[in-house]
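One structure, as structure tokens, below. Some questions next.
Chain naming follows the written order as A, B, C and D, and within any one chain the residues start at number 1.
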Amino acid sequence: MGFKPKNTDYKRKVNDSFNRQKFMGLINAELVDIKPGYCEIQIPFDVNLTQQHGFFHAGIISTIADNAAGYAGFSLMEENSSILTVEFKLNLIAPGEGELLIGRASVLKNGRTLTICRSDVFIVKNGKEKLCAASQSTLIELKNKTDNNTNK
Amino acid sequence: MGFKPKNTDYKRKVNDSFNRQKFMGLINAELVDIKPGYCEIQIPFDVNLTQQHGFFHAGIISTIADNAAGYAGFSLMEENSSILTVEFKLNLIAPGEGELLIGRASVLKNGRTLTICRSDVFIVKNGKEKLCAASQSTLIELKNKTDNNTNK
Amino acid sequence: MGFKPKNTDYKRKVNDSFNRQKFMGLINAELVDIKPGYCEIQIPFDVNLTQQHGFFHAGIISTIADNAAGYAGFSLMEENSSILTVEFKLNLIAPGEGELLIGRASVLKNGRTLTICRSDVFIVKNGKEKLCAASQSTLIELKNKTDNNTNK
Amino acid sequence: MGFKPKNTDYKRKVNDSFNRQKFMGLINAELVDIKPGYCEIQIPFDVNLTQQHGFFHAGIISTIADNAAGYAGFSLMEENSSILTVEFKLNLIAPGEGELLIGRASVLKNGRTLTICRSDVFIVKNGKEKLCAASQSTLIELKNKTDNNTNK
């Protein structure tokens, strides 16, 4: 939607932050695409990520929706800003039954303090994408607060 | 709030379902308490569950809130029913910085088809509990649909 | 999004229901467009609809978001079905300062029991539209339950 | 929950703001109780506030939930602060069929910038209260921004 990043080096900043999230490593999440106001994350199926029916757990679906939203918003924030999710709401629309989960988030509004995003989560089964969940999030920009945990 | 379980064997049913969720094993989540319309889950801190600042990841906080709500609702459902989360909304209130995460959920309304729950997530730091997140969920009871994945 | 209505007479059914909502009359809401899975409602500015700063009240913004979602979903339901909003979540994005409020809702998923919609609310000021609020809703179809209050 | 108001004159400030909301007059809403971090609003039944089945419209239920939350939060804010609802989520739990609607909101967390509240809406029918809706809200404090529309 034509957002201009305030930080031209936003890709590096988003990647660094994503790579510091050890939970992303545990679940094999991959940051696949980052553009100003947009983020895509993918998680391949693994039996350790399942709920009682053997499908992707709702917690994983929430994680990908929230994290895609967070980094979509983070791409538009200043170099010296950190980001927190204030809240999000997620509808689970179809079972997470398939070989790959894809989270795609877009910024709706990038305000001075708050940023609003929508995320769609897709499940890929036999190569075919289907809407699995839909989410709406509120993020807050914490200015002059580094995202790097060694200096927090 | 004085709910009467329709299934007197609800504890076994909830425990079985929880134990079939392999994701609970991956994150070392423990089902600590289950009563009619109430559930408590705990997750000890582990560096693999962290976000960029080294605290519990919002995805873990969502997972514990959603799962506690789901099993609080499931405790009131019929023996032959399965359960799905329709949607939930979560506010992140304080950073997940501490040694233990506790999710406690209570049923607000147990309807014929839909059940509404509230979950509170607490972070324990140096033995002291603090409200970390607050959530509200909608669950659906799928009658005559076993929760057991081998017969789904 | 290519939804096919199960009830070819859906326009009449939606209009009848809308016209029975006396609250729509009180606030001068007008059903402007209804298509399968889509609905648009408009409310002209009136000082009686304002909050403390003289702008459209958040309650009016919620009303238009929820009602547009409800009728977008209702357009896809069976002739003998009634509809209820299960829940919705709304982000207020810009002040409701202007001469006209427009709510536009689209169905994301039309399931057997539940329907998920997104609504966008726009404020028109000096003829220019701006995103004012964004919402996500869950609706339930009550089959064989007439929407007509004289036979409820 | 033992909140201390920063502004000892919070009752006057809340009442003034409520009275400037012309929409509250249109729907005959009454501010019944305001304490630090708590607010109760009531709306008597009127046929002009109804949906298609003759019950309180969901828009009215949302309005009372949101406004009670807003003033519960506003009671804790500084003299020179204004307040905006960032977002809220509402579950409709029972039909709004009765003679009086009551919204009661309590602050969960009063942060420096954001305040989180929960609202419960009750419907009174033949003198008996029943839970009608449950809501969770995020509010933002705008410091040094008067709530009075003549000086905005």
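The definition used in the following text is that a contact is a pair of C-beta atoms (placed from the backbone, for glycine too) under 8 Å apart; a residue touches a chain by one contact, two chains touch by 3 or more.
Computed from a predicted model, the values in this text were never measured in an experiment.
Undergrad: Where in A-C, B-C or A-B does the A-D interface recur, with over half of the contact pairs identical by residue number?
TA: B-C
Undergrad: Which chain's C-alpha centroid is most distant from that of chain D?
TA: Most remote chain from chain D, centroid-wise, comes out as A.
Undergrad: Using Cα averages as centroids, what's the distance between chain C and chain D in whole Å?
TA: 22
Undergrad: How many angstrom lie between the CA centroids of chain B and chain D, rounded to a whole number?
TA: 29
Undergrad: Could you check chain C for residues that touch two or more other chains and list them?
TA: Where chain C meets two or more other chains at a single residue, that happens at 86-87, 89, 91, 138.
Undergrad: Over in the complex, which chain D residues touch chain A? Could you list them?
TA: 86-87, 89, 113-114, 138, 140
Undergrad: What residues of chain D sit close enough to touch chain B in their complex?
TA: The contact residues of chain D facing chain B are 89, 91, 93-94, 108-109, 116, 118, 131, 134-136, 138.
Undergrad: For the complex, give me every residue of chain D touching chain C.
TA: For chain D paired with chain C, touching residues are 17-18, 20-23, 25-26, 47-54, 57-60, 62-64, 66-67, 70, 84-92, 147-149, 152.
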